[in-house]
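In the two assemblies presented below, chain A is common to both, partnered first by chain B and then by chain C.
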Partner chain A sequence: MAASEDKGECINMLKVIAACGSGMGSSQIIKMKLEKVFKKLGYQAEIYHTNVGDAKSQANNYDVVFCSESLVGTFNGTRATVIGLKNLLSEAEMTEKIEAANLPK
Partner chain B sequence: MEILLSVWEFFQNNILTKPAFFIGFIVFAGYALLGKKWYECLAGFIKGTVGYMILNVASGGLVGNFRPVLAGLKDRFELSAAVIDPYFGQAAAQASVENIGRSFSMMMMVLLIAFTMNILLVLFRKYTKIRTLFITGHVMVQQSSTALWLVLFCFPGLQDPQVVVMLGILLGTYWAVASNLTVEPVAKLTEGGGFATGHQQMFGIFLVSKIAKKIGDPKNSLENLKLPGFLSIFNENMVATGVLMTIFFGTIITILGPDLMHQIDKGFGAKQNFGFYILEKSLNFAVYLTILQLGVRTFVSELTNSFQGISEKLLPGSVPAVDCAATYGFGHPNAVTFGFLFGAFGQFLAIMGLIVFDSPILIISGFVPLFFDNATFAVFANRLGGIRAAAIIPFCSGIIQVLGGGFAAYHFTTGNFGGWHGNFDWDAVWPFIGVIMENLQYIGVAAVVLILLAIPQIIYRMNKDTYFVIAEDFDKYKEIMAKKQGVPVDQVVID
Partner chain C sequence: MFKEIVEKKHFSFHEGFDDWRDAVRAACAPLLSDGTIEKEYPEIIIQKVEELGPYIVIAPNICIPHAERGRGVNDTAMCFMKTEKPVSFDPNDPDKDARIFVVLAATDDEVHLNNLMQLSETLSDEAIVDKLLQAKTGDDLLAVEG
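And now, the complex of A and B:
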C-alpha cells in the first residue's frame, strides 16, 4: 500500500538511462546529478546507469539517453532522445539541455 | 555476558567475515540511518549482497580461466605472468588474501575507514589543506583490495583490527592527498568544472600538468589529425578487452602449443580446434570481466549514492573527486584515442623488453590502465604541450606501467594469481610504498603518511592567495591571475 502512495498516480514516468565507457564511474555521476535536476524541474524520472554497449542495445526502451558528448555518435538510429554532456557534473548544463529538448512532463 | 559474547561470535562468523553479507549489512545499516523505508533497506541489503556474490563468481572465473595458462608458462619457461588491470588485480589480491587464510571482508572495512579518514582531512582543511573527497566507489573497492594484500604481505603477523585501522589511515591519506593534487590541473582544463579526479593516476595527472608544457607547444594541437575509424571499436569495454586478450593470450597459447594445453587444461576438448580453443579462452576473460563489473556496479552504486549524500551534507565547499573519464569532454576526442594508442606502443615495447631481458614475469596489457590512464594523460598533455606531449607522455607512461607493474606483480607475488592493479599510481607510487612498508615496517607506514600529508602543505605555501579560490570560484581566480600578469581578464594565460 505504501508503495503506491509513494509514486502516486503518475501519468508520465520518464525513463532515463545514463551511459559511459565502462558503466561504472561517470555514468553513476551523471545519474546522481540528473536525479537532482529532474526533481528540480518537476519531472518524474526513473534513472538507470550502465555502459555504452549495454545502453545502445536497450536505448529503445528508454525515453532519454544521457552520455558524454563524445559518445553521442554511438546512439545513431535510436528512438530515444540522446543528450550529450560536456561537463558530466554540471547541473546548469543538464537543466539547459533538458529544457531545450522539450521532454514531455 | 556469555550471551553477549555468543551473539558477537555469531555476528563475526556469519556476517563480519563473510564479505557478501557484510556489504549487505553495511548498505542496510546505512539506509536505515538515512531513514529509508524498511523495504528500501531490504532491497539495498539484497543488492549489496548479491552484487558481491556476482563479483565473487567472476573473480573466481577470472583466476580459474588464467590458471592453465599460468601453469603452462611455468612448465615451459619458468615464467609467471600478470595482466596489469585493476579488475585482474582485485581478483588476484582477493585470491592472495584468501590463500593465506585471511578474510576478504577486511577490504570493506578498510574502505570505510579510509573514506572516514578522507572526510576528517577535509573537515580540518584549515590545517590539512585538503580540498577533495574521493567518491569513485568502484576504484575505492579495487584500491582497498590491492592495498589490503600489500599490508598483509608486509605485515603477515598483524591481527585484523590493526590491519584495517593502519591501512585505512594510509589509504585515506592517499585518496585525500592525491585527489587534492588534481584540483589545479582539472580546474584549469575544465575552466572551473567544479570537480577533481579521484581515480588511479592522480600523481600522474599532477606530473603531466608540470612537464607537458616543457615537451611541446599547445599550438600544434592534435585537433587537425585524422585518426583511423576502426579505433572507435575500443570505445566499448567488452570489445576492447576481447581484442586485447585475444592478441595476448592467442600469442602465448600458440607458443605453448596444443599438446601442452591438452595436458594441463581439461577444458580443451579432444576434438576441439586449437584456434577456436584459443578464441574461447581469450573471450572468456571478456565474459568474466563483464560479470565482475556488473557485480561491482550493483553494490557500489549503493555505496556511491550515500558517499555523494555525505559529501554534500557534511562537507559543503569540498570538491568531489570523481572518475577520470569526466575530464574527457574537455579535451578533443582525438586526445583520448591518441593517448590510448601511444600508451599501447609504450606498453608493447616494454613487454618486448621484458621478454628480451629474460624477466621472470611476463606482463599482459589490461584495458583499463592502457586506455583510462593514458587517455587522461593525453587530454591534459594536449592542452599544455600539444601533439608532441600527447604522444610522448602516454608512451612513457606505457613503459612505466609495464615495468612498475611487472616489478609489483613479481615482488608482491600477485603474479601467482595472474594479476596486478596496473594503473599508473599503482605502478609508479604504490610499489615504493610497498617496499618502504616491507623494509621499515611501522616506521615506514608513518613516514609515508607524513610525507603524503606534507604535499598539500607545500603546494599551499607556493600559492597561498589562490589555493582555495581556484577550487571555489574560478572566475575570481582568473581575475587574480590577470592582476598578477597585468593584463585584462580575457587575455589571462592559465597554464
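And now, the complex of A and C:
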C-alpha cells in the first residue's frame, strides 16, 4: 500500500495497465470499461493501454495489470497485481475482481 | 454501428468452421475484397493468437480479430461475421467458443476509438447480442439496434 503523505489535497492515484496482444483493440475496451468501474467504486485511476510485451516491461512501475485471462501467465514474476478477465465486457466481473483484490484507494 | 457495416457490405454469414484460422480469414474476407486490408492482415492476427492464446475472444461468443496497426491495413473499419455453429479456439475451454466476429482494422486513431466505443457499448447489451445470434441477413443487422 502506498502510504501517502497527508498534505491536504493528497490523492492516491492507482496506476493501471490494460494489456492485450496488440494494444489496439481489447486493451482499449478494457480501459473504457475500467474507467467507468473505477469511477463507480470511488477510485482515482490512471489507465494506460498497451500490448503485452510493453506491459510486461513496464508492469513493475504500476499497481495493477488487467488483461484477458489467457494472457495472465505472461506476467509471472511481476510485482504488480495481475487481474485476468474472462469477459472483457462485463462491468460486474471487473467490479467483483477489483473488490476481491482489495486495491488501495 | 451496423449502418456503415451494412452499407459497405462489411459482413458475412457462415455455417461454421472446423479451424478457427479459417474463421478469422473468412471474417476478414469482405475487407480484403474492397482493399481495406491486405492479404497479410488475417495472417498477422492468426500468428499473434498462435503465440499468445485466444485473447481476441473477449467474451463468451464474441471474438474481435485484430492486430497491431501499421501492417496490412489501408483504412479504418469494422467487419461483422456470424456463424451458426460455435468456432472453437481452445478445445479445453468452451468459454472461448465464438459465433460473433467483429474484425477491427485501423489507420485513423480517432475513428478507431469511436468504433471501439460503439462496439463495446453494443456488445455489452445482451439483448442486442441475442438478436445478432439470430441474424441471417444485412437487414437483420440493421434491425438489431432499432
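Criterion: the second predicted complex is superposed on the first by the 96 of 105 C-alpha atoms of A that agree within 3 Å, B and C clash if a C-alpha of one lies under 4 Å from a C-alpha of the other, contacts with A are read in each partner's own complex, and residues count from 1 in each chain.
The working rule: contacts are C-beta pairs under 8 Å (C-beta built on N, C-alpha and C of every residue); 3 or more make two chains touch, one makes a residue touch a chain.
Quick caveat: nothing in here was measured; it's all calculated off a predicted structure.
Asker: For A:Gln28, select first, second, both or neither according to whether it touches chain B, chain C, the two together, or no partner.
Answerer: Both partners, chain B and chain C.
Asker: In the superposed arrangement, does A:His49 touch chain B (first), chain C (second), both or neither?
Answerer: So A:His49 only meets chain B here.
Asker: Using the superposition on chain A described above, determine whether A:Thr95 touches chain B (first), chain C (second), both, or neither.
Answerer: In the superposed model, A:Thr95 contacts neither chain B nor chain C.
Asker: Answer with first, second, both or neither: which of chain B and chain C does A:Gln58 touch in the superposed model?
Answerer: neither
Asker: By the touch definition at the top of the document, which applies to A:Thr78: first (chain B), second (chain C), both, or neither?
Answerer: Touch status of A:Thr78: no partner.
Asker: Which residues of chain A are in contact with chain B in one complex and with chain C in the other?
Answerer: Looking at chain A, the two contact sets intersect at 20-26, 28-29, 32, 51-52, 68, 70-71, 74, 86-90.
Asker: Provide the residue numbers of chain B that touch chain A in the complex, in ascending order.
Answerer: The touching residues are 37, 39, 136-139, 190, 193-195, 199, 235-239, 293, 296-297, 300-301, 304-305, 308, 320, 322-326, 328-330, 333, 336, 368, 371.
Asker: Please output the residues of chain A touching chain C within their complex, sorted ascending.
Answerer: Result: residues 20-26, 28-29, 32-33, 51-52, 67-68, 70-71, 74, 86-91 of chain A touch chain C.
Asker: Going by the contact rule set out above, which residues of chain C touch chain A in the complex?
Answerer: It comes out as residues 48-49, 51-60, 62, 64, 66-69, 95-96, 104, 106, 112-113, 116-117, 119-120, 123-124.
Asker: Can you list the chain A residues touching chain B in their complex?
Answerer: Going through chain A, the ones touching chain B are 2-3, 20-26, 28-29, 32, 49-53, 68-71, 74, 85-90.
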